[in-house]
Each structure stands twice: as C-alpha cells, then as structure tokens.
Amino acid sequence: MITQLMPAMVKVAERKIHSPEFATLYIDEPIDFKPGQFVMVWIPGVDEKPYTISHHSPDRFGITVEAKGIFSRKAVSLGPGDKIGIRGPFGNGFNMGNGHKRVAVVAGGCGMAPLAPLVEAFQTDNGPETLLIQGARSKSFLLYPDRFTAKAEICTDDGSKGYKGFVTDILVQKIKALPANLAPGFDMVYTCGPEIMMAKVFEICEAHGIPCQVSLERYMRCGFGVCGACVCGHAVVCKDGPVFGSKALRTMADFNTRALLKTGRSVPLNEYAAWRCQ
Amino acid sequence: MITQLMPAMVKVAERKIHSPEFATLYIDEPIDFKPGQFVMVWIPGVDEKPYTISHHSPDRFGITVEAKGIFSRKAVSLGPGDKIGIRGPFGNGFNMGNGHKRVAVVAGGCGMAPLAPLVEAFQTDNGPETLLIQGARSKSFLLYPDRFTAKAEICTDDGSKGYKGFVTDILVQKIKALPANLAPGFDMVYTCGPEIMMAKVFEICEAHGIPCQVSLERYMRCGFGVCGACVCGHAVVCKDGPVFGSKALRTMADFNTRALLKTGRSVPLNEYAAWRCQ
Amino acid sequence: MQTTFLGKTLHTPLVLASGVLGSNKAILERVWENGCGLPTMKSIGPAPREGHKNPTVIDLGNGMINAVGLPSPGYLNMEEEWQELSDRAFPINASIYGGSVDEFVRVAEFVSAKGPDFIELNISCPNSDQHGMIFGVNAQSSHDVVAAVKKVIHVPLIAKLTPAAPDIAGIAKACEDAGADAICAINTAGPGMVIDIESRSPVLAFKKGGLSGPMIKPIAVRCVYDIFRSVSIPIIGLGGISTGTDAIEIIMAGASLVGIGTAVRYRGITVFDKVNKEINDWLAAHGTTLEEIRGAAHREAL
Amino acid sequence: MQTTFLGKTLHTPLVLASGVLGSNKAILERVWENGCGLPTMKSIGPAPREGHKNPTVIDLGNGMINAVGLPSPGYLNMEEEWQELSDRAFPINASIYGGSVDEFVRVAEFVSAKGPDFIELNISCPNSDQHGMIFGVNAQSSHDVVAAVKKVIHVPLIAKLTPAAPDIAGIAKACEDAGADAICAINTAGPGMVIDIESRSPVLAFKKGGLSGPMIKPIAVRCVYDIFRSVSIPIIGLGGISTGTDAIEIIMAGASLVGIGTAVRYRGITVFDKVNKEINDWLAAHGTTLEEIRGAAHREAL
C-alpha cells in the first residue's frame, strides 16, 4: 500500500515514451489522489525526487518525467518490472471549486503533467467550459497531444506547432474576446509551467480581476512540511502547496524571484533553475 | 480513560468499610469488564498491585481490599478525593458458559471479590440456578452479606456464623443431595479463595465429573503476559488466567504446590503466602 | 503565557526546534505568529554544504527518522537573510555547528555580530561524520567548545545536547561550568536505520538517521530529568513533544521552555497555538502555574 | 526452518529474549513448542534480588518501558529448576549478570556446569545501578568480562550489548577479540522516563526504564548493521521485532537469529509460530533463503 510513510516498492507496469525528453511511467497500484498532488519517487542508490501524478485511475497512476539531470534521466530509462519506491500523495492539489462555469488552464512544457488530470476531471457532463492553452519550446515538447476531448490552443516558442509565441498572449486574447457582460470572464485560471510564465499569468489575472491558481516547484526533502527545504517566502510549498491561489501569491515573498538551493542558500530563480544535483 | 497502557489517575469516589479488615473503594469511571478480570492499582510512591473488580456498573466500579501488608493497608486508608492510578482490565475472566442450568459458586474469604459480579450476572431472569457457598475465618470476614438475592450457604472456621467448617464440606453435601438423574449435578463450579481450598474444590469436581473454574493469584508485575513473574507451571496467570478451567488445571505444574517469589525463586505455597513485600 | 528566558521576554514558552522549517525570515516569523515564543534557525555551518541525497526524512508514523546532513549556505553566505532579520519584531535563536573548536568559534563570532537573541551550539547532530556529535558525547570536548565560543559571543549561549551521550547530565554540567547559559535537550535519538526489504537497502541515502517525534519522548523526558538534577541553568526540553500534556510532562521533568519539531508534521504549523492553549487549559483546570510545576517530578524524590 | 547456530541445531531461527516469560521450565518449553528455536532464561544473578517495586513494566502502546531491576533467586538457589531442566528436550540460553568481573565469573562457572546450551552475558541492563550496563558501554571492561568468563565455561558464550554504547560496533569487536562466540543486540534502549502529570511523579518506581518494542526497532537494526561490519561471529538481532518482515529486515542488517520479547505482548505466545510462517511465506514469495538475504543490506554498499 502506498502511504506517506516509508516508500512502498512498486513495479513499473509500463513506460510510454512521448518524445526523447519525456516518458510516462505507469504503476498498477491504487493511490489516493486529487489533481495537483505529487509523490516522492525513490530509486534506491540514486536519489528521491517529487513528481506530479499525471495520470490517475482507481488502480493505476502515472508520472511523466522530463529527462533533465541524473535522476530524471535514470527515471525515463526504467521499464516494465523495474522497481521504484513511492510515498505520498503529498500536497494540497488544485481547488476545483464548486459550480465553475468557465475556466482556463494554462500549461507550459512539463507543467501539463499536474494539469492534465484536472482537465480530465473538468471534462465531465457537469464540468465547466474548459479552455486549455498549452505551450512548449517546440512540437516534441508538447505533452499528451491526443489526451483531451476539448480542443486546445497550442503555442510553441519556435512555431513548430500552433501559434508561435507565448501562452500568455493567447490568455490575454481569450479574456478580451469574452463578451463584456461576462465578468469575470473566467471563474478560475489554473496554471503550471516555468515560474516566470506563471507569474505573468497571475499578473494578467490580477489585472482582469480573475482568481488564479499556480503550482510551484522548489527543492524538496521531506515532502510533508517539516524540513523547510522548500519554503518560498512564508509558504511551505510541499505542504501548503504546491498549488497556491491569488491571495497567497499577493503576499508571497520570493514568488518568481528567489528559491533555496540544496544548501539552503537563497538565490535568484534563474540561478536555481541552472543548478544541478550531483 | 482507563486502558491497559499508562495508569490513569482517578479519584476514589467512595469508600465502604466492611469490617476492620475489608474495605471497598469505588471509582466513578467507566471500565471494560468481564467478571473475574482485574486491574493494576498504583499508589504513587508506594507500589502497584493487582485487584479484582468486585463491583461494576456502566459508570462506576469498585475493588475490595483486605488489609494485609503495607500496600493493602495504605489502600484501605484511602478516602473520597484521594487519587490512585488504574490500568486494565487484565486477564480472561470467568467463562460464563451458554445455557447453564445449575451452577455452584464457592467463595473463601476475599475470594468473594471476583465471584460477586459473577453471581450478580447469573441472578438474572435467564440465568442458571446459582448455589452460593461462602466461607470465611469468622463472621466479620464474610464479604457482602446483603448483596445477593439468592440465599447463600455460609460457613465460618469458628462457627461465628452459619456452618462451622469448610465450604468444601457443603459442596460435597450439595452435590450428593442433587437427584441422581441430574448428571452432572452442576454444569459448572466457580471458585476463588485460598489455593488449597480451590484445589480441594477441583478435586471434588473431578471426582464427580463436574467442570470447574478457579481464579489464581501469583506475584505480578506487568499484568499482561510479558515479564513472567506470575507463571504457574506453563500458565501465565495474568494473561492466560487468572481463571483456569479443569482442563488446564489437570496439567498445571505448581498448582496448589509452588509459586514464585518476587526474586523469581520457586517456593512451596505456604512459604509464598507467608512472604511479605517490604 | 509570557515567559522570561535569560533576560528576554518571549510571548510563549514554546521553541521551534532547529532544522525544522526555519529556513528563512518569513517562515520564522510565521511560526512566531502562530504561537512560537522562540523560533530557532536551521543550523549554520562553517562552509557551504548540501547535506545528503534523498531520502533524507522519513515519517515512521510514530516519529521520524532523518539524515538531512546539516545543509547550510555557510555562515559567510547569508548576508541577505541577516539583512532581512535585522528589522524583525521577534526573537531568534541562531543554531550553529562546526567540525572543530576553531570552526565553532569562527562561525559563532560572525553570527553573534549579526544580532540573534541567542546562539545555540549544535554539538549533537548524528547525521554527519565530521560535524557535531563527537563533541556532545564527551564532557571535556563539550567543555572546550562551549568555553571557547563563550569568549567571542555577546548573546546568551545555549548548548544543545545529544541523548547518545552515556551521561548527558555530566555533559550538561561540563557545559554549565564552561559558561553555557542554558541547555537544550535533546537532539535526535538513536541513530536508527530502516531497511526496505524489497530493495534490500537502507531507506535513507545516508543509511542511518536520527529519530525524533513521539517515539523518543520518554528519552527526552529522562534526559531533561537528569540534567535538571545536575545544573542550575534553564533547560529547553524537546523531543517528541506534541501536545499540552507532553509539554507539562517535560516541564515537570525540569524544562523551562519546550521545543517542538516533529509535531509540526502531525499537527501543522498551528501546533504552537494548539499546545499553548492546551497548556493553559491544563494549568487553569489544576489551578497552578508553569513556575509551580517546573521540576515537580523531582519534589517527592528530593 | 531448521537453523544451525554455533554447532547446535535449532528448529527455528527465533530466540526468546531474556527477561520475557522465561521464569521456569514449563514456560520455556511452551515457548519452544510455539515455534521459538532458542528460549532464553531470565538473567541469573550472583545473589537473591527482588528487583524494583511496581510499577516495573508499562505498555506505551508502541513499545514498553520497564525497570524490573534484575530480580533473581541468585545462582545458588535454583537447584530445582536445573534439575527439571536437566531432562529437557529443547535448547536453552542461560542469561547471567554480575556486579563485577568476579561475580560474572562465579555465576558463569556455576551455571556452565548445569549444562545450558549457551551462556549469554547481560552486560547491558540499564535497570540497576550496580549491575550490568557499566560493562557494556566500555570496550575495555566488555573485553575483560568476556575474556574472564570465557576461561571458566564449557558452552558457547554470547555477549548481549546495549545500544547506549556510543560505539556498539567497537564493543562487539572487543567481545569477539575476547572470545565471544556470538553477539546478541540489543538490550532495551534509552533509558527513558514517563511522568504521570496528575500525580507529578515518574510512573516507574525506579523512575527510569529501558525502552523495548516497535519504537526501538530502527535502533536495533542500526546496531546489528554496525556490528555486522565489525565482527565475523554470528549476531542474534532483537529489539522491536514483531513480524516476519521485521525479522527479514534485521536479518538483512546482518542477524543470524532473531530475538523476540515485547512482541509477546502484542501478538501472544504464538508470536513465534506466526513470525516463522511470515518469514517462510516471504522467502517463498521471493524465491530466496535466509542465508541468501543475511546481511543483504550491506551488499550494494560493500
């Protein structure tokens, strides 16, 4: 049984390779789940890192990994039968609201991973009208191209698919295109992606009086709000987050500016992003 | 809440003095209970000892203490408002059977304490016909003279009340007086008192093919079957007992012969009984 | 429940344990606003140190095992944090560690100049081969490091001890003799190890880790009880304290302040407010005060 | 699951911990019949000793705290028990203690002549001021007592160690060098204390007591892991073992046999049969053997 206590060793049931950079590992075990929550993934002898649950059904779940550094490259190399340790789920997950009529979901790159189960949850008979705006560096970095029933707005940095430019451009455009009598145009905007993108989405939402939720990443150790590795201003990302709403963001020192390295040293975000685990 | 874990400090709600030797302390707290079970009673700074639950209702229970040594003399001196620590209940309690028609209850001295709630439980509309045989050194040592609706056969060593002689004499007489077509005459004989008396009761029962249950005492520490202080042959008195049926008694080395002192030394029963805690 | 501790007024008698949450000013402040009288910073070391690979912290249900490995930016790389802390409205306890008396002295002197309210010497961390615990298990080296640091700092000194010391009361006395103003006990216990039998490997990357939380409370209570008999300086009691009655228990053993770490896992950051309320309710129901019950478990015996 | 241990065949790899139940032949036999390969007798001392007043043993839910205080009839007063044991069908491990090397030697020599299968030196009991632990926290005195006893006995010698030793692996090595045939680890941890806040007094009459059961398992696993790296004699691993997977865990840390004490409280005397079955089921499901998994947690690291 997978819990928040000791990691449970489970077998990778299937690996789906999306592109040279991305793969999804599926585990045939039940796990508690709310869209936006994450698990700690342990590869014995290597390391343990947080990954969003990107796929979920009653007896299977999956994580989508972008090959980046030592750990994630090892992770995407795992195949059926390989064992990994899982503990979780951790974090608060997205607040899906009650009776939302129209929502926007803005994903950048791997930020699609936590948002995908949210979009699926919204795509039910009683769900809100969901506008999905998905962006990536280029076409091969666009996750899950055929996963959703709703049509998505696609953008790539290089124009290899969809609109050439930023998801935020589309978001502004869509907000403006909404009939003026619908105010606010969206009941909620959900976003995950590079922090600078999320900050821009937040800024746009604030300007238009639309509430928004972002999913943050910081270096994590415990995953359950004790060790302090993941703090962002007054927020404990693993426990209070990783999803934060507009209210918390307004007073959150360090959002879109600084993050703590593994040493605990506070550095500008770009320095944090360039840092690699040995 | 009273549990088997840490002693719960509770107030003595009432003390009833039965005689210079006996007093019952009442506690106004609920406790799980089966007739024959006991609690560990802690007087901080003094000691902790096992006592049978002699009175029980949903929100009150009592223990009856015979003033004997340091601890029990201290216990009978406690009055309303004094605090004692209780953990328990421990032990198996009596097996009250199913559909018994006729039972005998044979009590010697303080042995009445565990048997009293049993007699009360039997004295219901559907209960078996209950013959109570109660013996003591002399009149003032007879516990609870007015407690039961059923008439009791009384014996005292000195003849100060009832028959002058042993409870076992009465038991034999009663068994013999039963119509021959009732076989066995009693469905069960329950007994508690000096071990030599219980051994005699057991012997009589064996001779007449009547099953019996006795409640043993041995020096106790943990009360829950770990420390080994209370073993009697292969039996762990606090956990397997304190009530043992005929089957266990037949193979129980040390029953009515030996007991372990506080040092763990095995000594003859009379030496054990003469031993006093400092 | 205002308390005075080494001349400073604290709004509650609760202390945030070092290494738990206290990674920046905002979180120290949040903990303080939630009822912590004295937030402690994560231990500051002599050089940048990443700590161990994950897994570093595992919840065992009744407590945790951790080998974070003393990550620290290094005392020279925290200018910004000290800047922010300089106009704080709340007291802080700066925990420091070193690999030698010299390192302790260097870090302590520098940190002292930054104006924390107290400096806590972590001579008791089990999760690094070179740092910390080696001092705390030996009376002479504990004495040496405390005496040396005491000379170079201008704020009260707290010595944080490990239950791994065969005679923690003796270590505490050595620290007092060397000039410590208070004792903090205990750091994590053990160390322990948990092995995942499927992968046949220790779960923590460092293999061994310190135990904390409810399962070590009896050890913490015993240590505080022993220390209370050997020193006359105040004691910060911690180790498995999660509730008001836990706090009362360690205060009866002799603690002046009560530290909380792992309980943040089980009761959230608001654990401080909760425990304060529980302490107050208990004191009110028993018509007594913290002063009156401090060390009460010794009375009958003394 | 027959196992050979120091030349003797045991019907299972499980050992009854000393001080738990083993007060007479009948109960040692019952434990053996219920799946215990090697029942250990309660520790035998140099003189009659009552042990402490009650409370002596308290269940904390996730383990126990005890200060029974080494009650013993004294080695000279157990003639009857030895008599009964002389025609036993099962092996026994005789645990002994003393207050000095001389006392250990005297008791050991006498007991050895009574023909137990093994003699275990309890140099690790925390619950007496004069007996036991003082040896087990110091390598030199551990060496001395083992070497002296080894000379006078004719059965294999097991040294039982305490986790209170700052370096248990070093103590184990000292014992091996002195001639110990096996190590038993661990005795109770801590010590700890629980205070009843209503009566404001420690619950145990002796005030402090040793911790056992699930809450000390990580400490036991770590100790066995450390000892396995420092000695080549077999290890009896115990401390908080309650289930088959617990047993597998401590075997992977390096244990050859697995001791069970406190788990008798939680799973009854039949805990031995239960754990044996759980071990077998696990081994079968994983297609492996005890020999193959022994010390497995060291492999990747070695």
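Read from first to last, the chains carry the letters A, B, C and D; within each, the first residue is number 1.
The definition used in the following text is that a residue touches a chain if its C-beta (ideal position, glycine included) is under 8 Å from a C-beta of that chain, and two chains touch if they have at least 3 such contacts.
Note that the coordinates shown come from a computational prediction; the quantities given were computed from them, not determined experimentally.
Asker: If every step must land on a chain the current one touches, say how few steps get you from subunit B to subunit C.
Answerer: The fewest steps needed to get from subunit B to subunit C is 2.
Asker: What chain groups remain joined by touching if subunit D is not counted?
Answerer: Result with subunit D masked: A, C | B.
Asker: Computing the C-alpha centre of each chain, which chain sits at the greatest distance from subunit D?
Answerer: A
Asker: Centroid from C-alpha atoms only, then distance subunit B to subunit D, rounded to Å. What do you get?
Answerer: Chain centres of subunit B and subunit D, defined by C-alpha means, are spaced 36 Å apart.
Asker: Measuring from the mean C-alpha position of subunit A to the mean C-alpha position of subunit D, what distance in angstrom results?
Answerer: Once rounded, the distance between the two centres reads 51 Å.
Asker: Once you find the CA centre of subunit C and the CA centre of subunit D, what distance in Å lies between them?
Answerer: Comparing mean C-alpha positions, subunit D is 33 Å from subunit C.
Asker: Two or more other chains touching the same residue: where does that happen in subunit C?
Answerer: Answer for subunit C, listing residues that touch two or more other chains: 60, 194, 201, 300.
Asker: Quick one: which residues in subunit A touch 2 or more of the other chains?
Answerer: Where subunit A meets two or more other chains at a single residue, that happens at 44-45.
Asker: Using the contact definition from the top, classify how the chains connect: line, ring, star, complete or other.
Answerer: line
Asker: Which two-chain combinations touch?
Answerer: A-C, B-D, C-D
Asker: Touching residues of subunit D toward subunit B in the complex: what are they?
Answerer: Against subunit B, subunit D makes touches at 19-24, 26-27, 29-30, 42, 48-51, 53-61, 64, 66, 68, 71-74, 77-78, 80-81, 194, 196, 198-199, 201, 203, 205, 261-262, 264-265, 268-269.
Asker: Of all residues in subunit B, which touch subunit D in the complex?
Answerer: 4-7, 9, 40, 42, 44-45, 47-49, 83, 85, 87, 221-222, 224-229, 231, 233-234, 236, 253-254, 260-266, 277
Asker: Spell out the part of subunit C that touches subunit D in their complex, as residue ranges.
Answerer: Its residues touching subunit D are 60, 62-63, 65, 137, 164-166, 189-195, 197, 200-202, 207-208, 211, 214-215, 217-219, 221-222, 225, 245, 248-249, 252-253, 282, 293, 296-297, 299-301.
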